[in-house]
Amino acid sequence: MDRDKIHALLEKVRAGSMDIETAMAAFRTLPYEDLGFAMVDSHRALRKGFPEVIFCQNKTREQVVGIIDSLSQDHKTILATRADVEMFEAVNKKYPEAKYHRQGRIIQIGETPKARTKKSILVITAGTSDITVAEEAVVTAEAMGNIVEKIYDAGVAGIHRLFGRVEKIIGANVIVVVAGMDGALPSIIGGLVDRPVIAVPTSVGYGASFNGLSALLTMLNSCAPGVSVVNIDNGFGAGYIAAMINLAGE
Amino acid sequence: MDRDKIHALLEKVRAGSMDIETAMAAFRTLPYEDLGFAMVDSHRALRKGFPEVIFCQNKTREQVVGIIDSLSQDHKTILATRADVEMFEAVNKKYPEAKYHRQGRIIQIGETPKARTKKSILVITAGTSDITVAEEAVVTAEAMGNIVEKIYDAGVAGIHRLFGRVEKIIGANVIVVVAGMDGALPSIIGGLVDRPVIAVPTSVGYGASFNGLSALLTMLNSCAPGVSVVNIDNGFGAGYIAAMINLAGE
Amino acid sequence: MDRDKIHALLEKVRAGSMDIETAMAAFRTLPYEDLGFAMVDSHRALRKGFPEVIFCQNKTREQVVGIIDSLSQDHKTILATRADVEMFEAVNKKYPEAKYHRQGRIIQIGETPKARTKKSILVITAGTSDITVAEEAVVTAEAMGNIVEKIYDAGVAGIHRLFGRVEKIIGANVIVVVAGMDGALPSIIGGLVDRPVIAVPTSVGYGASFNGLSALLTMLNSCAPGVSVVNIDNGFGAGYIAAMINLAGE
Amino acid sequence: MDRDKIHALLEKVRAGSMDIETAMAAFRTLPYEDLGFAMVDSHRALRKGFPEVIFCQNKTREQVVGIIDSLSQDHKTILATRADVEMFEAVNKKYPEAKYHRQGRIIQIGETPKARTKKSILVITAGTSDITVAEEAVVTAEAMGNIVEKIYDAGVAGIHRLFGRVEKIIGANVIVVVAGMDGALPSIIGGLVDRPVIAVPTSVGYGASFNGLSALLTMLNSCAPGVSVVNIDNGFGAGYIAAMINLAGE
Amino acid sequence: MDRDKIHALLEKVRAGSMDIETAMAAFRTLPYEDLGFAMVDSHRALRKGFPEVIFCQNKTREQVVGIIDSLSQDHKTILATRADVEMFEAVNKKYPEAKYHRQGRIIQIGETPKARTKKSILVITAGTSDITVAEEAVVTAEAMGNIVEKIYDAGVAGIHRLFGRVEKIIGANVIVVVAGMDGALPSIIGGLVDRPVIAVPTSVGYGASFNGLSALLTMLNSCAPGVSVVNIDNGFGAGYIAAMINLAGE
Amino acid sequence: MDRDKIHALLEKVRAGSMDIETAMAAFRTLPYEDLGFAMVDSHRALRKGFPEVIFCQNKTREQVVGIIDSLSQDHKTILATRADVEMFEAVNKKYPEAKYHRQGRIIQIGETPKARTKKSILVITAGTSDITVAEEAVVTAEAMGNIVEKIYDAGVAGIHRLFGRVEKIIGANVIVVVAGMDGALPSIIGGLVDRPVIAVPTSVGYGASFNGLSALLTMLNSCAPGVSVVNIDNGFGAGYIAAMINLAGE
Amino acid sequence: MDRDKIHALLEKVRAGSMDIETAMAAFRTLPYEDLGFAMVDSHRALRKGFPEVIFCQNKTREQVVGIIDSLSQDHKTILATRADVEMFEAVNKKYPEAKYHRQGRIIQIGETPKARTKKSILVITAGTSDITVAEEAVVTAEAMGNIVEKIYDAGVAGIHRLFGRVEKIIGANVIVVVAGMDGALPSIIGGLVDRPVIAVPTSVGYGASFNGLSALLTMLNSCAPGVSVVNIDNGFGAGYIAAMINLAGE
Amino acid sequence: MDRDKIHALLEKVRAGSMDIETAMAAFRTLPYEDLGFAMVDSHRALRKGFPEVIFCQNKTREQVVGIIDSLSQDHKTILATRADVEMFEAVNKKYPEAKYHRQGRIIQIGETPKARTKKSILVITAGTSDITVAEEAVVTAEAMGNIVEKIYDAGVAGIHRLFGRVEKIIGANVIVVVAGMDGALPSIIGGLVDRPVIAVPTSVGYGASFNGLSALLTMLNSCAPGVSVVNIDNGFGAGYIAAMINLAGE
């Protein structure tokens, strides 16, 4: 299309129906207007393969409902993350079919799609307190068409607990590891498997955990290759990229 | 294999050809070899699918050559990262077939394997100064059996420069984005594609870049989902996980 | 003016109508007024060209009303920033003509002056959550006699959204860019235009955004020249310096 | 220049001496030229109004000379910042007309243009040690067509030293203030004038100055409105934005 | 006394009434028990010249009242800092003569002593919001027998406001300067006077003030000699050391 | 034990009473119990010598009670740390024998065991506000079978207060020192004794104490050898390792 | 003096011997001398009571010698701090009477004045490595007319070493305490005396001392009142303010 | 030794060959000896049970030799840590019996004492690069009379490598774990054993390891109880406290 516009423009110049100054002015706006890969917001699903996700934190209920109104014209599945119960109730009034994943704090509108691949994502947490973040990853990845399995509370301090689960761990295609405090679990998992590990530091801890900074640094410095890291408490981001990776072969 | 060994062992016990004490001792022997200063993980290739990689920084030449001696008994392809010219010369004396990737500062012993998949990894840098880190990723991913393409010096300040490359960008299966200073490039690439983006902050910059901290934080806070991050200047880590992802469907 | 006063003073001395001790004392009297808790700078409008602005945070309602009482003797337009509704109500009781800009959290007393120039300031935000800070800039710049245009929610993750607005962006004389999280937007805008960009990091985000530190560092390290930065969430400061720049040619 | 090339191209199209497909192909390559290691943005002068500036730090001499080779086809004035004497000598060998601004560490190729406006930029430093950074700003702003005046070593500890210069300060259209250690000078200058102040923190100092962090934070927290900040030691960035502002009315 | 004990011990040894082993055992406890400069807590007033001061933050009301009970047996003047109204009421119930300095958040029991010197301490604040911290210094210094004068809200952004007060400033024997945000005021005051300046950073500000860190660093890096610094918001500490200095000549 | 189980298992294999597949499966079964949200480590007491301790912060009451239900089948003494009164009441409803250590915020189920050694642990605090953390250490160490002595409020500012206690200090086998603010006390204690000192920084303080960071750094940099450090406010951890050390000789 | 000049000036105006324009111009002339690169504050000695001190770090030899040339016209005693041997030799060539305090790295021109008071300053260091910084304080304070005593290497880890010196400590009028690593010494000294303590953190240490940050924070958080702090390694600043305090009563 | 001197002194008193005043004077000087630059703590061996250790970093060769001269009069075993080869050669010239532990960078004078207990200390490193720090711990602990065992290069990324060593690990009385980068190893070891673990973070790593900060925070936040931490790279401190703990039962 852009190509077409430029072509048309040059033809007008050749035909003499457009003078050179006008043509030059047109170039100023053209190249930023339309580059072939994107035209409107609702094309995002096409481009990225998945629906828009609304990050509710710092948004008013009116803003969130308004965005859902707009998105729901084009999308089957919409997620709203970091949503508290009050937010859900506001959405639910207008969208009775909305569903609330309480642990993961996600509002979902539309059905969870069928799994697009038999390969699975495994989500592991180090402690009980990391489950909220883990569930955000689980719901996100499922909503993007993935089978997700879980091992919760499998922390480093009792590392023998992992060993009964080794087959489950080795069988996964992508692994999300969620841990706060010392953040050591992804290094260990990364040392056991030959699949990509997405590490999610959490703000769980106290004192020198500095709201997740400790776990974040640990994970960035992981001795095991094959580990990459998302933002502190960013369960959504981990679920999203894990889904992308898991669907890579499809 | 390990399973097989255990099975074999238990069979010997059952057959009475091995006593119980010997069996119990055997559970702890084979999977590593003690060099005194480094227990080389010769089983790693089996477990992780790829050869051991030696991180040369802070190691003496004797240590590096010693580790290569041990690894070369079992592996076809060995990489030694963060190697300066002097390190290469020390290795080259004993291993004349060793090859030095100067820009990526990697010593390679053994052939680069054929590509295991037609899907490709794309490595993009924001600036000229980021190329050293990018090349570390390129050599690593190639040594693991991947086709790697490159777009270098495509930074945010002249974002129009990206647009001629859009098809190349959209065609990649995994993208590694290497950037220092403001670290903004992964957010933009992440907004354009529906493939996983591995972001590598570099220590390029000055003043408030704080040796890569600025770029690291930018990338962790990326507004675009589908971006995960490795350590500052960790080109090897980025190439490694990109290779894992790219080979996922094989 | 001050020059005139000094001149007049010296003339009185020469004329003998003022003795030397009185003259010496006079050098230190007029330019401020002591309220006990705050020396209001009534000469500021003359010196800086604009009215005094009251920063309400950490001030009691009595203090704010008292400062307004003093300033209103000399100024037509007074702004009180970081004012919550309770503060507004306290002011409104005594100044019924006071107006509350709810989104920008600014109390305004006196009319917004006519635009002093046809050139315009453009205020852009990356996300919906940055609007509060942006509106602080908008109200400030308008109260200083500027035309202000807006593009809200034009973040990096969907960079194509910017392209439809390119003419608006290129047409602006000064641009204020407000962004939290990765803070990448000013780099991109700075790469597109040849006008000064004032970047405002916001505390929007979570985890490794560290209350705006991430966006602040990104902006300070911007690869695009022509970008300078104000404090985190400092919409007022951005609006103020943008107004100064925009009125430069007048 | 670039404008001229596009104009010539369109004329050839109109004249029929170039067919449309050839013209379209030419557009794809025009705005950048691939040097292998750096895509030089020759379009930049058109878009930003000023020539490309080369940041030498972390670049090899070959890279810098190569970029100059490419840029010099289209630009009259080229700056290479953060250049040491060795870099200058390498450039000078090929470009005998190159000039080295020793204090500002800038290589300049091509003449400094005549001033485009009678309004002037004032560059102030707090100490003697800040002059290197200040000179980077001075050379940059002059190369962009501005008159630049200087007040060096006018620090806060002897604030009376500023008072003899008040007229010079008040007469400037834009002020760049360069300071390390406590970084207090921009607050004071900002309190005296009604013109925009660009503050440049420097890494001058020791101990708790933390390589300029102290001055940076001071400036970001300036009590005086009308102050915005660039990166630590970023004299180039300050000169660039000051030039943009100063030329705003032209 | 310690000397006496050792003397007595040695005499016993000489007299043969104590054997050497017993004497050696006695040395083990002796040197840590009593070194001549202090025996009991209530001797603090003698040693330090001033009464014990109770830091209320993090203490229960019972603890504070209990400490007052104990101290009031020996001291005429007792201060309890960081006390909120509820704490005062709890103290007041038992000590009806207790007085509450609301702005400085200090409970005082006992009369303020007469000034021990005619020299005065001057307390200056940059802004209205710094007054709480300043008053903590004022009450403390007065309770230690000093005349204290005040200049409040004399910040850097309107530096001319200081000049009417120059005589007051130059006349002070010790100066306490309280400032948040950019923390620039102590540098300026330190440049004007030849008396010691105690700088108190406050947590007033937002964004990159990082709860007073910005002002703290500014003050530690002051270009003016003769400035030393206490903890953020530590008005008590500033008043205490200022009092010590002011009483030095007595 | 585990050894015994493996031995028994191998014997069954040898005897033919267990087939090989069953044996292989058995290697991964007993040592944990899956509660769905938490895999309780019931073997911990065997392996570590002490009962499982529940960290209540960030756990719901249901989770804590559930974990106690599981643990109480195997353990005599259970501790739940960081428990507020509401948590205790929830536990108390089901476990009437539960006891609440209010100062240390610990719920204890089961009797405190008799001391396993006559050697004692000494817990010292610098201030009154550090007692909460100290008591967490005391209760923990007592529950692990130790005699614990205390010296509270013996801070550095009144160092003479320590001297009357020297015999108590020198007599201890392990010393836990709890201090906030300047965190200087462990250095002094470490200089006096030849026994290990466990230093616990607390978040007590304000301003530049940065929630315990100041005390933490002080302790890590202690000039006295024989000092090691646990996390900020980690009274439990200090009590635990002190107990381990104290029981070393038994 | 300045008052006298103004008085004289006004009298001339009154007498008609000076016209008003000349008078107005005169207000801004004498108090500094412009060297091009440094406005030397020759009035400083009058205003501050002490000679100008040159901070050599980051200055060239030419700059330092030039500043001495200018200052030596008005001052008897000049100090140049942070001077290495090469700097001294450059100065010595022109000023043969210059003297080099090697440990304190200070060049002194002119005699050390006689003590202006019998009261003394005591400088204490925690370790041997802190002596360089301490000597900077010693030379500075002596050059300002003070008797200075020293106790070096009296650190906290062997606190008993202080006790033989208690009389010396208690006898001092002002105490400067220099310490790196844990920085605990000022707290202890501050607890022993009723005189002001100036604490100087040093960059001595490693690891988590973070180049003096640890000692700095410790000192700012000192539990002992009467302690104030200067920048890391700022021996000069400590000596300067100590001198000011010590001369307070004169 | 010191004990002997005191004994001799007391005997002289008893014998009447020394009068009491002379004896008392002797006590004042006994416990330290003033070398001008360092008061050597010869009393330390008595009080702490071990010889003085000299920290060479930041000390001149003259200072180190001088301190050894003084200490060698009273001590059999002297250690000088952080000593480079040049330092050793300087010491060796005067003390031919001195021995240099090259890996641990320690000079030792005097024999290593026999083990005082059969219990052993185990020192584990995560990587090859951590060995320098580990050897510092080993030499220190051996010089204090302990049997030390080692497991080097047993990092988390290949956790199976630990399992062959489990008996060695479980058999140790105290464990020192040395690790850089992610610092995860102490958490895992701490989860396996019921003995105290001393964790030593090292500055090994790059990027976001921030010179050991990452490993330090990981270790402070260890999920496994029974772990305490010393300063970054502080092998000496770890060996020292491990020795103290190991000798606890003797």
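We call the chains A, B, C, D, E, F, G and H, going by the order they appear; numbering starts again at 1 in every chain.
To be clear about the criterion, contacts are C-beta pairs under 8 Å (C-beta built on N, C-alpha and C of every residue); 3 or more make two chains touch, one makes a residue touch a chain.
Just so you know, these numbers come straight off a predicted model, no measurement behind them.
Of the two chain pairs examined here, B-D and F-G, the one linked by more C-beta pairs in contact is F-G. Note on subunit C versus subunit D: their Cα superposition corresponds to a rotation of 175 degrees, in steps of 5.
For the pair subunit B and subunit H, the distance between C-alpha centroids works out to 38 Å.
Put simply, the C-alpha centre of subunit B and that of subunit E have 58 angstrom between them. A separation of 40 Å divides the Cα centre of subunit C from that of subunit G. Looking at subunit F, one finds that residues 158, 160, 192, 207-209, 213, 216, 220-221, 225, 231-232 touch two or more other chains.
Touching chain pairs in this entry, ordered by label, are A-B, A-C, A-D, A-F, A-H, B-C, B-D, B-F, B-H, C-D, C-E, C-G, D-E, D-G, E-F, E-G, E-H, F-G, F-H, G-H.
For subunit A in complex with subunit B, the residues that touch the partner chain are 31-32, 35-38, 47-50, 53, 119, 173-174, 192-196, 198, 216, 220-221, 225-232, 236-238, 240-241, 244-246, 248-250. Subunit G contributes residues 128-129, 131, 152-154, 158, 160-161, 164, 204, 206-209 to its touches with subunit H in the complex. Only residues 28-29, 31-32, 36-39, 41, 43-44, 57-59, 63, 201, 203, 211-213, 216, 231-234 of subunit C touch subunit E when the two sit together in their complex. Against subunit D, in their complex, subunit E makes its touches with residues 126-127, 155-159, 181-184, 187-188, 190-192, 205, 207-210, 213-215, 217-225.
Residues of subunit B that touch subunit F in their complex: 3, 6-7, 10-11, 13-14, 16, 20, 23-24.
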